[in-house]
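Next up: the structures, one after another.
Shared between the two complexes below is chain A, which has chain B as its partner in the first and chain C in the second.
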Partner chain A sequence: MTVSDTAWKPAASPPAPVSAKSPRNRTNKPARSRRWRNFVWVLPAVLLLGVFAYLPLVQNLGFSFLKWDIYSGRQTFVGADNYVRMLNDPIFWKSLLNNTLYAIISIAFQVFGAIILAAMIEGLRSQRWRGILRAVYFVPSAISLTVAGLLFYFIYEPEMGILNAALDVLGLGNFTQAWLGQENTAIFAIIAMSQWQGFGYCTLLFSVALQRIPSELYEAASIDGVGPLQRFFSISLPLVREMTGLMMIVTVSGAFQVFNEVMVMTSGGPNNSSQVLGTWLYRSGFVRNDFGYAAAVATAVFIITLVLAVIQLRISKKRRVQW
Partner chain B sequence: MALLAAAALALTGCSDGGSQPAAALDPNAEPQYTGTLSILTKFGGDPLEPYFEDLAAEYKKLHPEVSFELIQETDQSIKDKTKTLTASQAMPDIYFTWAGSWANNFIDGGLAADLTPIIAPGTEWGNDFGESALKAFAKDGKYFAVPLYNNGKFMGYNQRIFKELGLTPPSTFDELISSCSVLKGAGYEPISFGNKDGWPGLHYLQQLFAYEVPADTLQADFSPATAKLEDRGYLKAMDQFTRLVNECTGSGKDSNGVLYTTAQQALAEGKSGMYYQEILEFDSTASADSKLKQDGLGIFKLPAAADAKGDTQAIEGSPEGYIINARSKNAALAADFMKFVTNSQNAAKLSAPPYGQPSAVKGAVSTENSSGPVIEGIKQVNEASAAITWLDSVTVPAVADAWLAGGEALVAGTQTPDQVLASVRAASSAAK
Partner chain C sequence: MVTRSAVLLVLGRVLVKAFLIALAVVVVYPLVWMLLNGVKSNSELFSNPFALPVAWKWDNYVTAWNRGVGDYLTTSVLVTVASTIATVFISAWAAYGLTRVNIPFNRVVLILILGGLMLAPTVALIPLVKMFQSLGLYNNLWALLILYTAFRVPFTTFLIRAYMMDLPAEVDEAASVDGASKARAFWQVILPMCKPILVSTVLLNILFTWNEYLFAMVFTSGGALQTLPVGLTNLMSKHGTDYPVVFAGMAIAAIPVIVLFFAGQRYFIRGLADGVGK
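Right after this comes the complex of A and B.
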């Protein structure tokens, strides 16, 4: 049994009768006036968004064409020089690769892993246990990223950290190492912390989406002899695909904007091995005094996240579930 | 896209900046004892935070119309804070500075008041300071900052452990390595080392470069305009550093995952025999309740190799000071406050525990107010042939950053000294 885009729709309610006072019967003038009144209501929000979101975005684009000495205030137009340097910068590409790894692993764990966990939790008969497990998985998401980063720094600490101590106790002493101090493990150690932190939040959202699926569908499938696994693939998964699309956008955008956990745990080191675009633009500006170059990296981050979001929005729009 | 870029440029606007050489502070200007003085310090956190708070309160008692806005940052956070304030043109009246390239940025940008008429050697105020401390913030014969305290880097060791094992402070690099095996055999971590922030490794490297690279070459290599970075001494110094990390530290290749405070704690608790530290750290490492205080903290200069070709009498370290903002409307008041901060009484207070910051004011560090290691450290700094500024502030940030990444790679063993030097050379070349 599969559910197509329009296979299950609740019976449409009859259209409301058009009353004599309905807006359609009014003259154009009051309608226009009402439109202006509506616009006035949203104007403060539009202004705030414009001043604090879009204006800095445009200004950042301007800075990316400059060489900017913050000490003297001197700004020199250098054309596309910062972008050319960026494309030839191995640390920029390393950072982009790390962000991509972050996105791929986050999709696997925080989207697909979370759906499976949510389905398992919602499949439990005990209402009490469902509530307890939702809370247990959600708690890490309530911890700030900075605190979680510090917490994991001490878990990963090579000499006193509990991870190496646990490996020793389990007889896996050969695997102990400086998780954040080695170039080949640092970024994966940070990504692992991030999964722990974000997993519960995604699970909770998928739980809500699963609860919205009418139980009649599951009952009908059970009567037809469909097993739990097939029910998951044929009912649950297709009917939460809108949430899946949303979570993909949030997760991928988040993966390309990651900053706090990397700064707290490694600052992008050792030897720039855990650098991500966010920390590299910060380092370029605030450590290397190269603010024009940092603005170019920021523009690249914006373009990447914008393009990914547009693609995902288009895909998820086509796959919208209609009730 | 082109239109958007043009609009963006119009919004940001190119400017040639407003930097001009800062005018010299008028030595006869009378301070107006009114208004608010804003100060950016590097004394955030315990035990340093109360120092400026107490001084501000005392100054306010003398001049009730003056109020203070203290921005207290830590060693780690002050760089970001300073750059944010600089970029937003909101620098306070008085602000912290390191010597070298860090201070020069403010001097060249016209953000540092020229204090020559009031603090140059030979002036009434200037005579309070050692000349070398004043010269650390001099450029083109002009003086731009008030040196607050001196600093230098030394190997701190546990005197009880050394005595028990029959060790004496080593005089050559090879002797240092030999003493490590003795300590290791007795169950101690020979040298505790935490390089999570990268700069602890740079401190070792800079001292070893001073020993192995001829002084003139080293100075020329700090500036990208004259740098060649071809001397074999760099490779030899990097080899020594990796040898020290692998043979003397307990964490070895894992040291990039260890905090420097963890390493400091290991010496304080008597778990390690040695820890390379700044004079500013002596009193906090051997704090009153620490095991190290009972055992005794001794210090010695990181020993050079017997055949070193550089300046083996040089010590890494430099004074740290405070700049008066050239654009401050309260410049005369700011200078008056800094004179108050550096009077003999407050200088002695700064040099004594719990602060333990050896004041740059002559005679402020004495047996009456300072601990033995601090007095010994300052004595050795004064006797050194040269003070070599920290590697992360003596050169331009892009080159310092390349050294930092290279230092981490040497610790982890992922790059050879040749590869590190090549990457630094490339960064220096790009920064020309």
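Right after this comes the complex of A and C.
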């Protein structure tokens, strides 16, 4: 009767009992039909997801074996041709590399940078300052990636942007350049914007995790004469380990789904140097009218995110047992 | 010795605080710059990017509004309200069905719904375009409403379900002693008790829908049907040389969610923290 799902829920709180059988419910009707009538509670969710999330997933796999012109509607089965083309396509590999760069840099700043920041914030004595800083750092995460992308498009702009202007003021005029207009800087400029946009979100979550650590641990360590740096390494860091694991997966998974900011800032240019899998998929399908190929790229994205999701599930399962 | 380490400690505290405040300034400055640029003239933008506006040109906002931002905002509000309501209700029903009602294939349904958490919208994009074209819903707000709801139900159900599981069993027993049906127990007892998590999920869904770009860009092409994120990129490409108006449009898109975040901070944090793994 109860929802037995230890996998999704800590054992600490007992699963919610469901067996509230009212006398009224015990009618003459067979129990089975009553159970099926109860299905109506989950039906809308199941239908929506089945038709608009799972069905397209299966269809996508089918499309990836077709050569398909969306305007004429002509479809021909081409076997693994799209995948062969994909694996021989330098822009596909460039995109994959850019997604990987995105992931690595985001782990450095948004996971490890955020832990350090959160520890600094939670170490402040003033409750008020802690609240203010957490909220201020989060503000960029509240605005859309479109606004953030456009804003940084202007910040990087050579004529009116504040990045070059600030470099000039600091006497670093030699470094001024068209950040988004050059092949070797474009993707890094986009990734930098994304760090600005996302680090506050991670900092906030690590702050919450740090607040859950019993303060007696820190007090005991203080009395023993343990300094703040050592307290960070021997108490804080080990005790947010699971959150760190989860955040790494969430961040990497997000890095392989990047689309919005690249589209707004460079559309993958110049010369495809800032292309990522999402924008390359879009361009292949909707600009180059090569839907079969786009579906093959989508399958690649699916495999990557699926693997990451399975790892994430394992981490959270393990954690739940330990808790 | 004691005094020296005490001095170091105080110095460390001061440095940490100074660093955190400096970082806050660096983080916020681009947003302030955006707001200021929205009230400058075009020539001011290029003369000195750090200068304050000479005359505050608030009519840039009016211009932005008349050049389509008004329409985009209306569409965004409409889509956000509709999909948030649909998502939260459908998810709350599902969460109730999964936690407090005896349904067939309970386990399968649970995996099906929560498994949606790992689906990337890009993966489904190509088939969805074909599907909505054949349904005649391409370039139609129904497409956005349906897709936003479908792709947000897993996360929302996840949050509400976790909350419902923590409600004590006596609640259901009390309701059934009163002779309330499952439906009445849901509407009159369980749903009101879930209010805190419902507020969190409403806020998180507003944030998501208001800012979503991929589906909005692919599934709408007509001017008045576009939401703010897509509309802004149009404003940029159509009136690209009138930058202050673009900045004003960006501010119009950004301000509502920033205000919302500060107003509902507590609920946002709860939803985000629970969402990563309770």
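Note that the second predicted complex is superposed on the first by the 271 of 323 C-alpha atoms of A that agree within 3 Å, B and C clash if a C-alpha of one lies under 4 Å from a C-alpha of the other, contacts with A are read in each partner's own complex, and residues count from 1 in each chain.
FYI, a contact is a pair of C-beta atoms (placed from the backbone, for glycine too) under 8 Å apart; a residue touches a chain by one contact, two chains touch by 3 or more.
Keep in mind the model is a prediction, meaning the values are calculated, not measured.
Once chain A of one complex is fitted onto chain A of the other, the partner contacts of A:94 are absent, as it touches neither chain B nor chain C.
Once the two complexes are laid over each other on the shared chain, residue contacts for A:301 go to chain C alone; chain B is not touched.
Taking chain A as the reference chain, the count of touched residues is higher for C when chain B and chain C are set side by side.
When the two structures are aligned on the shared chain, A:231 is found in touch with neither chain B nor chain C. Of the two partner chains, neither chain B nor chain C is touched by A:241. With both structures placed on the common chain, the touch criterion links A:160 to chain B and to chain C. When the two structures are aligned on the shared chain, A:36 is found in touch with chain C, with no touch to chain B.
Looking at the shared chain after the overlay, A:286 reaches both chain B and chain C. Applying the stated contact rule after C-alpha superposition, one finds that A:59 touches each of chain B and chain C. 55, 59-60, 63, 70, 159-160, 285-286, 291 are the residues of chain A that lie in the contact sets of both chain B and chain C, per the superposition on chain A. Those residues of chain C lying in contact with chain A across their complex are 9, 12-13, 16-17, 19-21, 23-24, 27-28, 30-31, 33-34, 37, 45-46, 48-50, 90-91, 93-94, 96-104, 106-107, 109-110, 112-114, 116-131, 146-147, 149-151, 153-154, 157, 162, 164-167, 169, 172-173, 175-177, 179-182, 185, 207, 210-214, 217-218, 228-230, 232-233, 236, 243, 246-247, 250, 253-254, 257-258, 260-262, 265, 269, 272-273, 276-278. Chain contact summary for the complex, chain A toward chain C: residues 1, 3, 5, 8-10, 13, 15-22, 24-25, 35-36, 38-39, 41-42, 44-46, 48-57, 59-60, 63, 70, 117, 120-121, 123-125, 129, 133, 135-140, 142-147, 150-152, 154-155, 159-162, 165, 196, 200-201, 204-205, 208, 228, 242-243, 246-247, 250, 256-257, 259-260, 263-264, 277-278, 281-282, 285-286, 291, 294-295, 298-299, 301-302, 305-306, 309, 312, 316, 319. Partner chain B is touched in their complex by these residues of chain A: 55, 58-63, 65-66, 69-77, 156-160, 177-183, 266-267, 269-272, 283, 285-291. Those residues of chain B whose C-beta lies close enough to touch chain A in the complex are 4-5, 7-19, 79-80, 83-84, 86-87, 89, 105-106, 108-111, 195-198, 250-251, 253-258, 262, 397-398, 401, 405-406, 408-409, 411-412, 414-415.
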